[in-house]
């Protein structure tokens, strides 16, 4: 049977998909063991035991200063920033993307501006962001929003404007106004694509969150990573990164499930 | 990903093995700071080549824009030596088990680091404020010393970790009212209206040291590296200290390398106590005050958890000083203050 | 009512339609036939307002046709195009909802129930009573085509443009559709332009049959000349009973 | 006429699109003037004159030490890094995306790994990245590649696997092997989407380039920005950022033109 | 040659086809008719190997049919599906290129010229001689359908599955197509299964006509019962001359 036709069952897929991940972990352990054989105090590739004990302190021992369990405090802070950032980005991408995609005059007016914002690296203009948003939570959320919205917006606008022209004509003959067309034709077909974009944006969103937390923060997963990077505490960094990956994969899974449940029509068409 | 893991293993192994053997090519990392600018200048002015040739070596100076990353890369074995502050030499490579030798004591900060307050004229006014600084760095140490000398504790303020690249612009935000920083950022930050430096490194002279460290094993196998570096350093120092046009040109070139103006660079130099004379550096390294300083730094670092999870006491990392003095675990000495090469320079034997 | 004067349709170099002049009377049922690729769909698109003619003008009731399509014109496209995100009921109700709720574009309560009943009735008329909740991707080709017909017919537009609407239907259902469309045409006085390949159908339903084809052909530059109206046959208006007799015996010459 | 139907001419579009950009510039100048009225020594929002004189030095005066015109040296260095990074990313996204999109067993095997890599923020692992790739050019290019490939790859794989199933069946009945199917059906239809993704990735690519140059470099647009950031020299940073935006917009334009010229069929379908 | 034994096709709850048992002889021309939504296209998909039957088995020459489609079967889908990124010539040559160049999937030099000539001939046969360089998006519906036919026919597959292949064509071109397909069927001994709504066409072309429809209907649960074969009519094999006479007079009863 040709490879393009091989269908993979759920169980098989889990097994197959787990394999490379397991290999990576194995490769890491081997490399770490090799380094430790050379230098038992090596910090670059800590052994799993060292990571476990380093993490145990963050997980279970309250911080003497704040009395908090640092790991959980970090997670909570980062997730809430990420959540707010993603929420604002998604909402504004949806609104603006619909308008830009469906209304040519709006597109003509805004698309050069949007392109410009999309290609300006926000981290290069941090001082200006600080002036506008200060240094608190707003600035961190703003960096996420500024970082991922342009991509989502442009992709969504492209998706909307690529909807078959017949659909638009059809809606107009059914008496739709521009507003109604946005609401009943463009919006519902934008939503599954929006979820797809959100999934693709999770990686960049974490990058911007971590950058923001590296710049000025006193709690958060990115804060901890950059703080302990000062003394190369890879035994904390690696578990933290793994945890971030786990959180992101979980979000990815939830989003893809949601899309299948809520927008079945979009997935049936592709069987 | 497998390739990645393999690459990691290979990178790890190759670096771990090489230092023991004699080599002729070396990489020294540096980052921008007033006290370290002589190194890239020396490379540009041909001083490096001159001394390297003399000992039959090739020495490359690698700029790492991000200071922490330069020290990390040294620790990881990608660099044979690096410019670093005393506290970071202790907490990053030495605490990481990398046997490190301090061969050049370049300067101490004499006002290059400071605690800044908006709307407050003494340290007491800092109580209860949020302080932006690079946490776990010499700034943190300076803050701890400032609070200690004024009868407060670190718990009396709330620290906010702020990247050194961004602290200058962060300080212009009205939301930030207290910060600790070093030069060159410090100069820019003092320009913000209503700012006072309430405590500077000039109040604790000789405690924040700027060093050149190299890997001990590499140095053992290649003592010529140490000689060449000392030669380079003191020739450049002599040139730089001259108050004539030549000295001025050298300093202007350093300013350019640091991305600033000669005027600003001179002002930074004025708050840096340079050991231009090797004899003075040797003496400073041999003095008991260094031990006191390092003990203080060590206790602070341990209290902040900088020695990592494995360390159960402040003695976990061993340090050796000239004259056989030691601090901490004698069986695990990983930071050695080694005046041999500065002494050779002082004796004119290079 | 609808008048095309010297209309040309060109795609770049290629002339598709040339010198089309037509007068379509209110209440007419115009069948358009012609070879594949002649430009029948292009003609409909121009009348619809989806494309602009490259030359010539189109007037509706003496006023130039607005360059956009509106609810006065309904359409069933050649490739059944229904909204993929709505099920059969949703697709059919959409027009009613848009008309009834300018702002929310959704109906609630009794208005919704009324619209739903109307949509169900229309879907039953096209034989989709069993498939109210299927999405287009779950339907066969013929079912999607019938859905498109139901969606357009429920609005009773003044001008209805049909592009091979019954092409994918079996003879039985096709006969039902003929009855349905004739009934609506009579009841609401619609003006219908229908493209078809079934000559029997064209003559059975239409009050007028138009044939599009190339008048000239340059073998070296086939794109040089476009198609025009080569036959324009007015038929005497048949009565509804004729029609039905015709359908039930189903014997015709094509 | 309804807004959805308004078509905007070329000239009109230029005018309309230029307006918001002009407004942004104007807004900036007004804000800068206001700040300078307060504090003539303000560094955060420099006036255009200050920027011009700061840039003149970089543009026209050769650096006394290296003899280079710094601005052009920076531009060249950054563009070559970016070019290599984008090239590698595009190529590997294309290859892997095709395989993942068209071959279900490959997808099952790699997709968890790809998802994991996509959601791991590379900047959290910078020390490891630099350890593996050294402090030279490789690491900077690698950061760009690691940063943008996962997005391109996943989006492309999604695009390929969403091609109508009929097309695949049709190709198989015409006798295509898996390889031929990839080559003649999937690849040509992937290319226009790939260009689209490349356009969307330009912003993130610059972000990663600048982040890499911020950490370890001695020349480059990002290096210069982070170098002078210590002195809050916004009079250099803002023109540099503007220049980056200009370069990126130009690339965006060239890519979109290329796509229209080379893959006309993909754009005709959307008329 | 092709045998379906007790084949069922179900989509979730919905039974589309039930208890289909068929024996299709080598060289047969089977016409399939039935109401819209009966499951004709589903039947073709199952024979094609695109979908798997939920129950029952299909054998080809006594061996179970591989669960994937291959070059032994050709297909023209109901919704004309040609490759959007290839022009008419490219679409038609594709099969030849795939067969002739396993690795590059492209032909060069004389092989390419030969393939091109063959493709041009086939395109001329379906009336697209003027449209060699048009992309599908620039073609009318009927032109795309003819292109799909040319693309499938050029490969002369052992089994050819046609889903309403002539639905969007005008009577003139349709007659040409009938001649073409009959000629190829005779010349190459193809086995053809064709779905059509045109009963006249079904009887005129086929050697056997199969009618699919529901045998039972539960008004409360319409999805409960699927369609089966309700008529299976073998026709005496017509001669080529009969065929042509038939076409030219064009009088039949439907």
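General observations
Read from first to last, the chains carry the letters A, B, C, D and E; within each, the first residue is number 1.
We take it that contacts are C-beta pairs under 8 Å (C-beta built on N, C-alpha and C of every residue); 3 or more make two chains touch, one makes a residue touch a chain.
Computed from a prediction, not measured in an experiment: that's the story for all the values here.
Both subunit B and subunit D are touched by A. Taking A-C and A-E together, the pair of chains sharing more C-beta contacts is A-C. When each chain is reduced to the average of its Cα atoms, B sits farthest from subunit E.
The centroid of the Cα atoms in subunit A and the matching centroid in subunit D are 18 Å apart. Computed from the mean C-alpha positions, the centre of subunit B lies at a distance of 79 Å from the centre of subunit E. Computed centre separation for the pair subunit D/subunit E is 47 angstrom, with centres defined by C-alpha atoms.
Listed for subunit C are residues 68, 79, 138, each touching two or more other chains.
In subunit D, the residues that touch at least two other chains are 2, 5, 44, 113, 126-128, 131, 165, 172, 177, 214, 229, 232, 271. In subunit B, the residues touching two or more other chains are 1, 4, 8, 72, 76, 166, 169, 172. By the document's touch criterion, interfaces exist between A-B, A-C, A-D, A-E, B-D, C-D, C-E, D-E.
Of all the residues in subunit A, the ones that touch subunit E in their complex are 1-2, 5.
By the touch rule above, subunit E contacts subunit C in their complex via residues 11, 33-37, 39-41, 78-79, 127, 130-131, 138-143, 146, 164, 167-174, 197, 199, 222-223, 250-251, 253-254.
By the touch rule above, subunit D contacts subunit E in their complex via residues 164-167, 169-177, 179-180, 183-185, 188-189, 263-266, 268-269, 271. Of all residues in subunit A, only 2-8, 12-13, 16-21, 24, 44, 102-113, 115-116, 118-125, 127-128, 131, 147, 150-151, 154-155, 158, 161-162, 165, 168, 172, 177-178, 181, 196, 200, 202-204, 206-207, 209-211, 214, 222, 225, 229, 232, 234, 237, 240-241, 244-245, 248-249, 252, 270-271 touch subunit D in the complex they form.
The touching residues of subunit B, counted against subunit D in their complex, run 1, 4, 7-8, 11, 29, 32, 44, 62-66, 69-70, 72-73, 76, 78-79, 164-166, 168-169, 172, 184-185, 187-188, 191, 193, 253, 256-257, 259-260, 264.
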